[in-house]
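Naming follows writing order (A, B, C and D), and every chain is counted from residue 1.
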């Protein structure tokens, strides 16, 4: 770590700092400049556990101007630690395979067996690999629809069997992880729960594949540390999902951060899925952003498709209908091929 | 709700819309303009549950340009519903009392019985009313210190007894609500869990006083809806807490949104506490922002105070030492009096 | 416009409002709901000039809760006003042609005749259509390099002649518009000057093609209104440029808003160019974002290319070298073809 | 400056870097850690002009991971350079005097001689020291009112004479600086022009007192560098103005950054004025934010006051009427006294 001293720091201060570092087993390398002195603290702290705290303590010293970490705070999910890209096999669907584009599609919310079957049939016919559908739904208002829960999980399991598609659904409560794991193939952690660390640990322990959505205002580093929480429990089957961040813009529901796709590729080995539905909030913008994500290197997409969006119980405005989804898949395939992949 | 039609909408479209509204028991009031037609949908939906979904459905109609709600989506926490300001009595400390400024102070994290006693003694002596201290700590990194848990709760309960101060501490896991409620007087919901709806319901059911921190990128409306989740379970002992929002600025940890204080006062009847420690991330800025919050009308402050910040296990850089806290209290009292309050 | 009345509004208030509207030649259409009354004000104000002011005045009335515009505030640049897409011909290069991808490339700053010639030769050989290069450079610091000014303009004009490529360069000062227009084919308005309205009017009067960069925190509506400033002076040769917006993220210089590309296509008829260099600030991310922008429907790219980025006087970290640019063009062509375009 | 090497850097790379630094007259101090090597580059570059460029060049080297500046990029406006606080005397009004709170008040826009006289009379009677009023108004729309220009300047000069108050007004165009300087006592640079560097230089050359508003999304460092532009022309009569930044929040027009007030006090010696009118966009929030700013240490306020806000040609919704302004001044005085100041 690098410690920048205040321009008023005295030789005694420097000695004090060197002493503190030595106590922790760190060597101090000085760079004395015209205006400032920089100290490089070199060596390994006894455990990673102390690092953040120790940096905070150093910052409180009156003669210290700032403290900067040098190495990245995550390990298991970093590309440096694990240079080969991770491929997660879910019932034969290889998420992260550099020759494939994986499509996850289905309704925002599981409403009825008929609605789900209709949606599953349509997205399957268009080429989707994985069926999405919400059983437990986070809603900003306590008075809105929150999903059918267990009955919806059972409908998903039925549809999985009938259409031979693995199923992804969100889990919001630590107490539901076990149940949801029985019915679903991939657990989804929603954007509001990205920093719900108790839930992250629980899905880590479950050893289930996890699709982790970036928080609405999460830095790349915070997002990768959230993934690290899961990995630290021994579960490496993590899929990163960009779903748009919150900005000042009002025309769209969120702002899709396309930079994140090549950036996460250089920082991590985990597969990346893009969610253009929540990132835009408008069905008319979903095709453009879907194509962009694949062109930028995403491993796949998760898209809301409803048989009749104008009757959807949630997120109708951002859902494609089956014909729109079919058209999108048709337009995506040449883009996929342009980057050496295929949807098929 | 207001429905704005596309400029291409036909009379048939309008008839279709009117029909849809009638099915839901709503009347349609038309305003035909030169370029656009506006429809005011008037009447009450059978339940509030459907409203959000119904608006989403209308937005999917090709002849509809936009749909805007008119009434606010929260009720129980709104000033309109409950014009008198709420005062929450916690062991004789009256949070929300318009003649008082309530100070909650103590270390970020409960480290040892000695550290906590030292901190409690100091803040009590300076005039603090409530002791804060973390037992369960959310940390961005899985490798950082996460608090001592149950033993820390017991230390808090000890300090409460010894110094006669009610205690506030954070709860992060639905499974801990019962235990934490046994040792603490106020449950704190942290910024990362503001939209952890299962946790909100659980603390709602606990009927304990709850200090709810605004999410890092939460709109006022979303924040008040999070409070509504708690109120909807019959628990009205909710304290709103502004702790800074995430912006582009890098010099400070967050940006304290001072507008929120007068704004929430006109939107809600709930007491408001400001957290200048997390909002700034720098001890040197805490006094200025503390004074600002009280001048703007906040009912109190929650401040990190550590006997020796340079040895703190967490958040040392933003913690005041006892002398700095004493100085702040001395400077705050005249501000409090200028707005008709007192710390004493 | 729509006026939502306070729940406390009286019949007298309503009469007062109706009177105010009538004075302006507007009809009032009422929708009385259970909780609120909505008034649709219908008719045309005598001139568009008054609208914003009038809405502000209505908002001050104590019985008015909010006032919402219905129609979009821009006209000339809107798709509704001009449904066919605009194509701007600059020396035979057709910007906005739906069968072409236009590449603008060259160094951030014109440094020497040799550097510019080297860059121009390289980007021309790789397929670029237009040469970019800065003569007047905005710099955050008054002590940084601000460009060579007129001599750089002359070097650009030389390179234009030698390589047969139209030239784009930034203009920052109203007093330079005439001079820059003599040497360049397209005037660039930088992100910091998007809301420099006197400059917008001046480039509007110049009748030169203008590439307008979105402000760092500009809403779509504000950006399109900035374009409207230029159009309102009779200059329709406007190219919209997305170059990333400012967010909380620190790993990248800005956040490229990919949603903007399909969104502006549905709001405006003007051509759209993407700037992945400033949007990312990192050469390693430029290829991914370039491909994404073309896949999403952008009409072209503006990319910083320097013969030797490690010697660049500005923006070296985000500049491609000629080999990297060549590789990007090779990878872009199949994406272009996948969306029915070609670079050639 | 600090250069962090990639973990793959070889001894040859290090030698290359050391050579580059030596060419510039800099010494390299190494700190070799387990994972990374840090190089502290010590010494002074020949001129500050090269620094930004040189850092960018280093970042392009494949073996360099990141480059961090250590010293602040601004000098003349920094507290380190000039520890005593600056006081600017404008016609006897001492802006920055630690015993005074300075009030600038008046209408957003100068509309008529009568409106201006009425406003000036009222704010003077309530205790305002300086009269504000817009002659040239930036407007998002080209079709909105843009101010009366020269005639408005003349009305301001009349009011100045009649009421004995110095006058502040905005200048937007470099070509107007001379004219505006003849009629006004303080030149205002609006938020949209904070990074209009040609205008900053011009007002620097004018040697007039300048109130510089922070850009909507400007970092503290960028804002202080904008002030440095003015100071670098030999004009130190600069007043910093916080007027709210753009965030995701929709209830308020902007988010007032209260942290900025104590932060700028520790970074710079320049006086600080707060603009609660633009920061909130709502008259009802102006008093709370005004009190907060003074409590936090601001040297004064600039507030929009209109004789009849419901007839204002601009910004009516955020303007106070004379009675509201009087009430605010009455409530402010005790806050001012609590921080050792007075309005009188």
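Going forward, a contact is a pair of C-beta atoms (placed from the backbone, for glycine too) under 8 Å apart; a residue touches a chain by one contact, two chains touch by 3 or more.
Because the structure is a prediction, the values reported are computed rather than measured.
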| item | value |
| --- | --- |
| Touching both subunit B and subunit D (chains) | A, C |
| Selected interface, B-C versus A-C, where C-beta contact pairs are more numerous | A-C |
| Furthest chain, CA centroid comparison against subunit A | D |
| Whole-Å separation of chain centres (CA-atom averages), subunit B against subunit C | 38 |
| Subunit C and subunit D, separation of their C-alpha mean positions in angstrom | 26 |
| Rounded Å distance, subunit A centre to subunit C centre (Cα mean) | 31 |
| Subunit D: positions in contact with at least two other chains | 217, 221, 246-248, 250 |
| Complex interface listing, subunit A residues touching subunit B | 47-53, 56-61, 73-74, 138-146, 172-175, 192-193, 195-198, 216-217, 221-222, 225, 228-229, 232, 246, 283, 309-317, 319 |
| Complex contact set, residues of subunit B against subunit C | 2, 4, 7, 29-36, 38, 40-44, 68, 70-71, 80, 246-248, 250 |
| Subunit C-touching residues of subunit A, taken from the complex the two chains share | 217, 219-221, 244-245, 247-252, 255-259, 261-263, 265-266, 279-280, 282, 284-285, 287-289, 291-297, 334-335, 337-339 |
